[in-house]
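Same chain, two partners: chain A is paired with chain B first, then with chain C.
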Partner chain A sequence: MVLAVDDLSVTYATPAGPAPAVRSVSLALGRGETLGIVGESGSGKSTLAHAMIGYLAPLARRTSGRVLFHGDDLLAMPGAKLAGLRGRRIAMVHQNPQATLNPALKVGTQIAEVFRHHAGLSWAEARARAVENLGRVNMPEPSAAAARYPHELSGGQRQRVVIAIALALDPDVLILDEPTTALDVTTEAVILDLLRDIKRRIGAAIVYISHNLGVIAQMADRVAVMYAGEVVEDASVESLFLRPTHPYTRALLDCLVQPGASKRTRALTAIPGAIPRLTQLPAGCIFEPRCMHRADVCLDHPDMEDASAGHRVRCVRWREIPTTPAPPAAASASAAQSPGSTLMEAKGVRKSFSEWGVAAMLGGRRVQAVAGVDMALARNRVLGLVGESGSGKTTLLRCLAGLETAEEGSLAVEGFPVPWPVRARPQSLLRRLQVVFQDPESTLNPKHTVRGNLGRHLRALLPAVRDPSPLLAQAMARVRLDPDYLDRYPAELSGGEKQRVAIARAFLGGPEVVLCDEPLSALDVSVQASIVKLLLDLQAEAHVAYLLISHDLAVVRYVADEIAVMYLGRLVELGPAETFDAAPLHPYTEALLSAVSLPIPRQPPSRIRLQGPIPSPTDPPSGCVFHTRCPRKIGTICETAMPPWREGVSGRRYCCHIEPEELRRMQVSSATSLAADAGHAPPS
Partner chain B sequence: MSFASFILRRLAFLVVTLLVVSVLIFSLTQVLPGDVATMILGIMATPEDLATLRQQMGLGRPAVVQYWDWLSSFLAGDLGISTRFKRPVASLLADRLVNSAKLASAGLLLAIPGGLALGVIAGLRHGRTVDHVLSGFTLFAAAMPEFVTGAILIVVLSTWLGWFPPFSAIEPGMGLIDQVHRLALPAVSLNLVILAYMLRMMRASVIEVMGSAYVHAAVLKGLPRRMVIFRHVLPTALGPTLNVIALCIGWMAGGLVIVESMFGYPGLGRLLVFAIQNRDVPLIQAISLVVAGIFAFANLFADLLHRFLDPRTRDA
Partner chain C sequence: MPDQGTAAVLAGGPPSRFTRAYGGVIGWLRSRTLATRAALAILLVYVLLGLLGSLLVPYSPTAFDMMVPLNAPSWQHFFGTDGFGRDVFSRVVAGTSTILILSVSATVWAVGVGVSIGLASGYRGGRPDEFVMRGMDVLMALPTLLLALLILTWLGSSKPNLIFAIGVVFVPKSARVARSAVLSLRKLGYIEAAKLRGDHAGRILLFEVLPNVRDVVGVEFCVRFAYSLLLISSLGFLGLGVQPPEPDWGQMISEGRNYITLAWWIVMFPALAIGILVVAVNLLADGLWQDRTRLQSARIL
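The block that comes next holds the complex of A and B.
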């Protein structure tokens, strides 16, 4: 064993008392093996990852156990000896490459430091090795890249640098702590390809930590599932995903949108309740309060049991729980609603920003964030809007909401023209058009109670209301929160509860159109499912239209009736959601879809990858704006002429120079060759 | 953006700033009761004398023309004639400026490196005894105005102990040691607040950078503490503090007025007090513009250093 965690417990000192963030964790990791650790926020996975490199936060204390690296306890090692191992034999890659790299040092220097310090090379030699290492992580033009500062690189390139630092001295243990979470889906796919390749090339033991079950299924050989500080299940990746045994693991997998699933075929199952606070843990099984299979025996704390060879589970009832998956719940109520009249229609919306003050004065260029978008939203329908960050989705939403003033174009709600700026909009319009933002943390005023937050919004929308209390109680009931939440402060609520309050706020004045800007991306998987459910239930009750922005294509395909794909401020594809798995797809949509990591172990990775970052909107490419990254580019016509809109399948339209038949042929043949590589028959 | 265009743009800003300041300073002569002629000749002057002088000085012309006249001769080095001393302002200013510069730099040479070093120590020992002691000292020092610090220093070190002279005039031909001895008390009282301020800024900055993800990453790279601090913490932590240094230099003009008056030191501050008391407008104008110029250049210098230390600012 290279690395072994033996009965480790770590406790943080907090104002509310000791918080045991990691409890009795035992794991072992051999050479060449990849251990995936999966868990939601608060599961203790990051504390565990740091303990594996011998690091405990200042307020953290080890209360039991050891972390053994080749038999030596990292947590009992003298500082100098530990520092000699870190970066050389045990290396770590963190979540956010922007924050992990020193902004004031060239990236080459930051790699060279490792060689200079651990290998004793001269700076010149160390710099040469740094360039060589950038080549190992497939950095384009490594010697030029080495001379750049972090802010001069794209997010994906920065993460390559961080990985190059970790790999510099061929470590025995490589700890990857959410290495792709801060990246766009398309960049994530490229970095996962690199990590897969590295895994094959080097013999290191790898610890891969993620909240994303799809990524874990792709990367890990063995998986440990953590919940509230304990490992609840530990198995090979195949065994875990094919025979999930712990009720938490199963519930978590049920929360995921299965490939091809839609609200029309089945409702999502959410896990009731929230993860317990570490200062108030249940005495028995930690998952018992939320478990649908709980019984009296669960009030005693369970030990790890062997369910089968190499498959351990911390549940006393694992034998009794039915192994067949729960029958899919009926289709979501909102799917049964027939589409109504057009509620909102936007035409030719344009918005550009100037570069900051002085640069603009000296002839600065304009950033074209939204370059002429048409869209329509019908009652009872969900329009999903997808695209990478930088595609202009949020700016478009802010224009519709009136938070930004569009320069050109028109907007109408139920046929009435909606003016810009937002101050020119009458109250009745504001009430009809509401927004749910991405981060519930920052959209609720922390100094006011929920009542204060909602009350202020209500006064703005319906100033005639004398007694807001009944309306606020009703608003709480609408989002399935207890009325006594009204007197709590946002800090006392969980992330999901805060998002419920934000949704309650949007529904206060009886809206017709609700614009949702990534309402799920700040939430854990199990909470996401419950918020999706809530949004769909509210739609069935209130007959609203949603515009849902998300980078998560699986969720959008599940929730939306129609999907719009946006790239560099323009729509490139638009059509019914259920058709978004059939060729021909716009090459950009194809790339977005193939970037999704499915929760199916050892799926062969797709070959469609986008190289490089999204181009700057100050200087969009000529012709088709996507041609610089397009995997299906056919020739100079893509660089010179604006592509036409074409009819795809069943009402889907896309904007491309390639004819539908030709595009379909290209896409089907690449899917076939990929499946053949993996030894499977092509999907029929 | 290239370095040349950065410098050009910043210099353009500086010129605009100084022009605005010069307009404000010039308008002083327009809003004060009584005009320059009255100030020169006094209230006992006959209307005929006043009219003649006004004619000679061109006071009857439009304000814009007078401003242009004043500014162009100012730029040509003619700062006007002091109404009180009846001597060219430029010659009055030169000596005093040198004296004030001596006093200010003697203090700053102590306050800036001292404040920065102590701030780094406090920041690295965040929450420990050293930090508590230093933070307590800064609260005390920053809360005391220069005249209180100065008075305490005079009473203790000069009157009781007799180590330093209470009066700090520098005569021509004095040796360096003697000059430093004379300057010690005013320099310390002038710069104690700045030292405290530097210390607090640097401490906060170091604590923030120490908590950043990239310093954490540098520790987990296995770099020794010394290397983490000197390569990763200090260069970035210094950036925001530099701009505060520039602000302090401007703010010190106010301190100079008080400290020079207390210690009877012949510098710019005392000259300014004198000029104001005597409504010596050309002198007030010249001193104000000189102080504004020093302040603007100090800020430009700080921005240049910041740009050097933090590559991100080079693209903004």
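The block that comes next holds the complex of A and C.
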């Protein structure tokens, strides 16, 4: 065993009393093995990761157990000895590469420092080794990259540098703490490919921490599932994903959108309740208050039991719970609704930004955020809008909402033209068009109670209402919250509850169009599922049209009736959601779909990858804007001519020079060659 | 460091203890640090002296008594007497109300105007904001004391002019602080939600922005208050502040300067009065800021 955690408990001292963030965790990790640790926020996974490099936060205290590195207890080791191990034999990669790298030093110097400090090489030797290491992490042009500063690199390249630093001295243990969470989905896929490759090449024991079950399924050999500070299940990746045993693991997997699933075929199951506060833990099983299989025996704290060889589970009732997955629940009510009339239609929307100050004086160019988009929203329908960050999808939503003023284009609601700026729109229109924002932390004014937040909205939207109280109580009931919440401050609500209040606010005036700007991305998986359910239920009740922006294709595909794909301010593909993953048409859509990590262990590598960052919208590429990154570029026509809109199968439209039949042939041939490389049969 | 999610779970009891403690003054005081409470106690003494000063003084602060010039501190004259035989203690106490009224009014108007400009300009953004803030930069580029002197020599020295001059000097600084506070808020969800229900800018600034910059404005008020105390005293020292015979600490220091080798007390006591007051105000500003961050982290935890 390279690294072993033996009965470790870590407790934080907080104003509200001791908070045991990690309790009796035992894990072991051998050479060449990858241990995935998966858990929602508050599960204690970061505290555990830090303990694995011998670090405890100032207010944290070890209350039991050891962390053994080759048999030595890291938490009892003198500081000097620990400093010699860290960075040399135990390395760590953090979530945010921007914060990990020093912005004032060239990245080559930062890698070279490791060799200087730990291996005592001269600067010249160290620099040479730094360049060599950048090559190991597949950095294009390593020697040129070494001479750059972190801000000159893209997010994915920065994370490569951080990985190069961690790998520099061939560590025995590599700890990856959410290494791709801060990255775009396409970049994440490329970094995951790199990590998979590294895993094969080096013999290090790897700890991979993530909240994303899909990523864990791709990366890990063994998986430990953490919940509120305890490991509730610990098994090989195949065993865990194919035979999940603990009710929490199973509930968590049920919260995920299965590949190919949609609201028509299967309802999502959410976990009721919220993760317990660490200062008020239940006495028995920690998951008991939220567990659908709970019984009286669960009021005693369970021990880890062996469910099968190498599959441990902390549940006394695991034998009695049926192991077959629950049958697909009835499809959501809204799926049965037929599409209604067009509510909102936008044509030729353009919006650009210019910079003020020095940049503008030096001939600042305009950033074309939205470059001519046509779209329509119909009653009872969900339009999903996907794209990487920087594709202009949020700007488009803000234009529709009136928060930005589009420079060109027209907007009509039920056929009547509507001005762009929100100040110029009539009050009767404001009521019908509302937005749900991304960040639950800032969506409510922290200085007002929930009643204050909602009440002000209600009075403005429905000035005729005399007594708002019954309407506010009704609004809370609509989003499945207790009316007591009206008198709480936002700080007393969890992220999911705040988002529910924000949804209640959007529905106060009886809206017809609700624009949702990444409403799920800041929430935990189990909470996401419940918010998706809520949005669909509300649609069934109120027959609204949704525009749903998300970078999570799986969710969009599940919720949406129609999906629009956006790249660099333009739509590149549009079509019904159900046919989406069966046959992506535009190469960009194909790349986005390939980038999704499915919660199925040991998937064959996906079809295509996008290299490099999204180009700057101040200077979009000529011809087809996607040609600089397109894996299916056919020739100079892509660089010179704007591609036409083409009709694909089953009502799908896409904007590309390649004919649908030709595209299909390319996709099949690349899948075959990739599968041959990886030794898998081609997917049918 | 635990991530924010962990921190939220570490929280323990609901943070309502802190948010609801604002109800009563006692609760408010109890949730403050020792420094804040000490500063408030010192300020209370000054305010009482300012209010009741005329009842407390043993001598007339302006009456000459040629029998007792330059007397050292004694039981008859606690702080001694000056070159004209005026009682320094009486003059220091009598000067309290003048300086408090002047500096509080100057601060109220400077911070009031400055914060309004800063909030409006920062919230509006774009070219108008650029314009206003560059104008403020021009005002700020001139040395504080020089600008105040310039205005007072132009308008002539009187109490309203003094307040006006100090206001002009400090408006850009308050504006800048308020602007930076509003910049971090203007794209937040609750502000945009207010726009989406049709609230106009004034309403949003008053009901959505102001409650969230209240702490920043409070600290800004204390800091400006301390600076305007110093500025009024400096102007008094230079002869452009409160005009004789009315007692003023700066003016007293200026007069006592000539006697400093003979009678240290004439300079010493007004200087101490200024010093303690300024330190107390700064302590309050510091304490309020610390309480703010402490309460914020308590709310997160």
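To be clear about the criterion, the second predicted complex is superposed on the first by the 668 of 684 C-alpha atoms of A that agree within 3 Å, B and C clash if a C-alpha of one lies under 4 Å from a C-alpha of the other, contacts with A are read in each partner's own complex, and residues count from 1 in each chain.
The definition used in the following text is that a residue touches a chain if its C-beta (ideal position, glycine included) is under 8 Å from a C-beta of that chain, and two chains touch if they have at least 3 such contacts.
These numbers come from a predicted model, not from an experiment.
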Chain A residues touched - chain C or chain B, whichever exceeds: C
Contacts of A:Gly340 with chain B and chain C, given as first, second, both or neither: neither
Touched partner set for A:Gly30, first chain B, second chain C, both or neither: neither
Contacts of A:Gly348 with chain B and chain C, given as first, second, both or neither: neither
Partner chain in contact with A:Gly260 - chain B first, chain C second, else both or neither: neither
Which of chain B and chain C A:Leu101 touches, first, second, both or neither: first
Partner chain in contact with A:His118 - chain B first, chain C second, else both or neither: first
Chain B versus chain C as contact partner of A:Gly310, first or second or both or neither: neither
Touched partner set for A:Pro140, first chain B, second chain C, both or neither: neither
Common interface positions of chain A, toward chain B and toward chain C: 356
Chain A partner contacts - residues on chain B that touch it in the complex: 9, 212-224, 227, 231-232, 235-236, 309-312, 315-316
Residue ranges of chain A in contact with chain C within the complex: 12, 14-17, 19, 21, 40-42, 44, 46-47, 50, 57, 60, 228, 275-280, 356-357, 401-403, 422-423, 425, 427, 430, 433-435, 437-439, 442-448, 453, 456-457, 460-461, 488-489, 491-492, 494, 502, 505, 524
Residues on chain A engaged by chain B in the complex (per definition of touch): 53, 55, 80, 82-88, 91-92, 94, 96, 99-105, 113-114, 117-118, 149, 151-152, 162, 165, 356, 358, 362
Touch list for chain C against partner chain A, complex: 1-6, 8-16, 19, 126-127, 130, 188-190, 192-200, 207-208, 211-212, 214, 298-299, 301
